[in-house]
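Next, two complexes with chain A in common: one pairs it with chain B, the other with chain C.
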Partner chain A sequence: MEMVIVAPPAPGRLEDLRRRFFATPLQAVVSLACLTIMVFLVWKLLNWAVFSAVFTTSGGPEACQATAGACWSVIAARWRIIFFGLYPYEEQWRSALACVAVVVMTVLSCIPAFWTGRRIALVWGAGTGLFYVLMKGGVLGLAHVGEEAWGGLALTLFIFVTTCLIGFPLAICLALLRRSELPWISRTTGLIIDGVRSLPLISILFTFAVVLPFALPQWLQGDKLYRVILGSALFFSAYQAEIVRGGMQGVATGQEEAAMALGMRYWQRISRILLPQAMRNAMPATINQFVISFKETSLVVIVGFFEILASGNAAYGTGEWRFAYVEVYAFIAFIYFIFVFSLSRYGAFLERRMSVSER
Partner chain B sequence: MVSLLRNQKVRNALLQVLYVGSIAAMVLAGIVIARRNLADQGITSGFDFLFKSTGWDVNFSLLPATANDPYWWYFLIGIINTLFLGSVGLILATIVGTIVGLARTSSNDLARLLGRTYVDIFRNIPLILQVFFWYAIITHLPTPRSAHEAWGFLLTSRGLYIPFPNVGSAAFAAATVAVIAAIVLPAWLGRTSLLAQPIGQRRTIQFAAAAAALACATIILALGRLPDTPLLDFPALQGLNLRGGLRIPPEFATLAIAIAIYGGSYIAEIVRGGFKSVGTGQVEAALSLGLSPWRVFTLVRLPLALRAMLPILANQYVWLMKATTMGIAVGFTDFFMIVALTINHSGQTLEAIGILMAGFLAINLSLAAVFNRINKAIALKGNQLRG
Partner chain C sequence: MISTNSTGEPALRIENLDKYYGTFQALRGINLSVQRGEKIVVCGPSGSGKSTMIRCINRLEQHNGGRIAVLGTELNDDVGNIDEIRREVGMVFQHFNLFPHMTVLENCMISPMIVRKQPRAQAEATARHYLEKVRIPEQAMKYPSQLSGGQQQRVAIARALCMQPQIMLFDEPTSALDPEMVSEVLDVMVTLASEGMTMICVTHEMGFARRVADRVLFMDGGEILEEAPPDEFFTSSRNERTRQFVSQVLGH
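Moving on to the complex of A and B:
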């Protein structure tokens, strides 16, 4: 006698839905409540943002105030100030191109083929150089535009990129110093790192922007923008140093001992054995730190810079669009969201990819 | 000399002296230059200014404050404001985060989707942008004359008005302490001398302690009640202004809402991670012992998840405490804003920065100490099999 085991028939669509959302009375209540909330929110949002919204500037601010929906005309009328700040009108294409350069640079550095120290340094150096030349001008027939006129998205990206560019090597130095075998060096570095980490970023930015000029000789003070970038890089490096150090702790001691036995010198051991493996371990946390520091560039608005948030305040701050604050903030939030969300998704993808390769 | 440099020990000592010395020299040089620059502006360094009156006002204070008060009193007000805003924000963020985090771990697809949308949206927008957004919303609320009203709550551009018991402020503070005691006391009792008692008796004693503390709070409130007034004081329009009730200033409300929503999205992820770390074996074992889903949750999943969450949660709380410095963006006089105002008005730059650092160090260290105590107290004893 042959036993035939037959799989139970696959549940139909309705049955499947019932099992997933209405298995028990409690499940049914939760499902219905969630569904109601979702439908309500989505309908409200669509109604506000699309169906009863005004998209054109033809009617001016008056047309907007008549409707209950969003007034996207404020963006259509003011997008230049949000993206470019006070940058001269005829030169704004340069600011746009500079932003594109930074985005391309970021995308390139997300590709594994560029993950060697030299290539990544090359990409970031070239990208930042291009950005700087485009923004500042004064060469190649481009008109000179001083840093005080920079603003909007370009300034946000500039602060972010330079923060990472200065902060990352500094973080590696701090991490190496902290794990030094010489007790006073590691202790002093630890004190600096922990001290910076215990302070809020705003207070560090404020100190570098307002207080530092008192404590520096005239010739060292530099522009306020670069002082603030330095402060933000210091803050970034204190956090990143701990991440790098964590990555270094994940490298088996045998690796370094083997390198030593092969007669490699300190810098060879660090650059060829320790750092490549440590950076790999630290990659997900590093991406996370980049995400955080991108969000935190918005804090420079407090020490008086005209980055995208401040230029958004200016976009609705003048008389006729004063009522359209929600639309402006929603637009800026959307820009931040695109950058931050794609970066953090990339981080999550990387984490999955690496956990697969370790199995 | 050369032979000395060849000696590893000498070289190491020299390196260390050089490193520490150069950092110390840089800091010292900065301080010396700053003192000279400040002296040129007629500002004498030292902490004497702490006892001078400030001459400016704070817009929010739990303690009485006038422009005649000395600087040290203002610093105290700032620290208390920061701690108060921080604790309100932390509590709200924890509530939001727990709800969203549980939704994210729920078995219901719709609840998970809702939780995930919340986290994705609010985590990826900078906190300061959210602060600006809520501040714009609150300051554009209608004037007191045409306020939104619901259940005695009034939403106006001058702040949020809520009904408040008619009691003296001292009595209210005492009652708050008693309510906190009602929460802390049972937990503390459960950890100390009662451990030897059987669990039933322990529960009774804990319950009695909580009840006694709550009774204390009620008695204090009853005694401290202002004579000839109704039990609750409802805000109401009188002339052009609102009278009665408790006014929550727009700045405070803004920051509390923003910290609750933004912090909630981070705490939700921590809660989710905590529950994910509970081994499926533990849950299966509990289910196969015949425990109901609710008891599996309260007796197995929650206690284990809580232990996994706590260290990360502590970091998040420290971060949120530091986020109160956003107050300066909307003009809430937190500790950092008081320091910034002090620098503006008195010019005592170095001293004020020193006080700022010391203040935040103290806040961070005490938070860390509290969480280390809790962590140690609830740590599982001995080796535990997880998974």
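Moving on to the complex of A and C:
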């Protein structure tokens, strides 16, 4: 028998849909059922969030309670608390500018053109300096605002950024020490890393905030905020050190030998040959660690700081808006989403950019 | 800085070299002296210590006994000496070991710039000169992974030459190559030899040995068993083990 093989014509879009979802009667039923559920859920959500929602504060909380939709007026009425926490009302523009400074600093340091030692140091120095002066005041005619009054988004960003700025270099140091050829150095470092990793973050924060002052002389204590940041940076570095070490193990031993044979010194080999390749290997896990750290900033509430999540509690927690907690949490979730999602997309961009040199 | 030779000091002098990996003795009392401009080919079965020996010369392996002096500088724990020797000794590896995150040009420029502190323009000129010499100037802006094995190995040679070393070490430079790419690498090495470079090559390319080598060394069990000019080495070897090896590598 003669067989003639003809390539089937490419299906049109409708035909493709029919084949995927309506190939058999049973499949058609299941597809329709799923579609109905989806449409129903999306409609309910839209109806709650948009169509029946109250957006203006004119009617006050009472207007919200009269409708079945979302009460976004709580955000309109209380957004200052969410973003700025307990920061004095007249000075809140400073907190807003400080947030902008941190975001600009982060965005700039994500641009490859700024990846030289001098530029990145300049960006970070200027960014954190500006943040500190704006928030703390006491100079340039700005009223003094103590760290205990910092809060909201500004505090969340500050804790996250400083945790990473301190924790990341520390992580690289720990990773390098752990692969030292001297056993007592590598073992001690390993012990420190594993020790820190086996403690819960909350207990570390608590120790640094509350217990440490008893052990340190007055002049070494600093403000509670900076002790908490140090604790959180230590925690971050213990995890990140293992990620960096994993990345280093993925670099062929021949790379370091070639660098040695070319006469490069230890730090030249590390900075020019080993770390660039190790960080590329470690990129997905590193982005993951950043994302986790961003969300873990919310734990500082247990030592009495009102970062964005805790400020949200305060926003609906006082009397009249008590019923509107879902809206507040949805709004805060959206803010988290913006930051974390940008971070993830940036990670994807970095991976694409780095893969250019591999293939 | 090491002065160019005027005292008759050999490029390399190895005396009673011992090397252990744990309890396994990889090198046993190696003695070798190499004059400037001399080309040495080292051969022998795998595990005989050839690679270990040349890796001791630039301290990729640390020796446990005996002495090594490179260009008159004693190789010991003195980091300054090690740095000085590594600057003057280039090495080419079996697996190329190019830096994958840098372009070919950057591979060639980095060490002159950060080790020899050359200005960028000078390092680039040198790099382009040597890339020309290994006949791949047009690949300068590519990344190593975009090149064939033979091209990568020629880049590795150019990279080593950019440091303008006085001695070149080759550790089985053609063993990892597809057969059709072996000759392009050997051609570059032959040219280099004809220009008077001091070379120590671990290789099984006996045609290359015959053409270029001043002396051929045969190693087995961590010892140098035979040392002779190529003609003598291939035709009238005194050592039974050497004759057997030569007949095996030339047998096909």
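One rule holds for everything that comes next: the second predicted complex is superposed on the first by the 318 of 359 C-alpha atoms of A that agree within 3 Å, B and C clash if a C-alpha of one lies under 4 Å from a C-alpha of the other, contacts with A are read in each partner's own complex, and residues count from 1 in each chain.
The rule is simple: a contact is a pair of C-beta atoms (placed from the backbone, for glycine too) under 8 Å apart; a residue touches a chain by one contact, two chains touch by 3 or more.
None of the values given here were measured: they were computed from a predicted structure.
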item	value
Partner chain in contact with A:S31 - chain B first, chain C second, else both or neither	first
Partner chain in contact with A:V326 - chain B first, chain C second, else both or neither	first
Which superposed partner A:Q277 touches (first chain B, second chain C, both, neither)	second
Which superposed partner A:A252 touches (first chain B, second chain C, both, neither)	second
More chain A residues in contact - chain B or chain C	B
A:Q268 touches, of chain B and chain C: first, second, both or neither?	second
Partner chain(s) touched by A:S298 [first = chain B, second = chain C, both, neither]	first
Touching partner for A:F21 - first (chain B), second (chain C), both, neither	first
Partner chain in contact with A:W79 - chain B first, chain C second, else both or neither	neither
Touching residues on chain C, where the partner in the complex is chain A	58-60, 83, 86-87, 89-91, 93, 95, 97-103, 110-111, 114-116, 143, 145-146, 156, 159-160, 163
Contact set on chain B toward chain A in their complex	12, 15-16, 19-20, 23, 30-31, 33-34, 37-38, 106-111, 113-114, 120-121, 123-129, 132-133, 136-137, 140, 322-323, 325-326, 328-329, 336, 339-340, 343, 349-350, 353, 356-357, 360-361, 364
Residue numbers on chain A that touch chain C, as the complex places them	252, 254-255, 257-265, 268, 272-273, 276-277, 280, 354, 356-359
Of all residues in chain A, those that touch chain B in their complex	20-21, 27, 30-31, 34-35, 37-38, 177, 182-185, 188, 192, 195, 198-203, 206-207, 210-211, 214-217, 295-296, 298-299, 301-302, 309, 313, 323, 325-326, 329, 332-333, 336-337, 340-341, 344
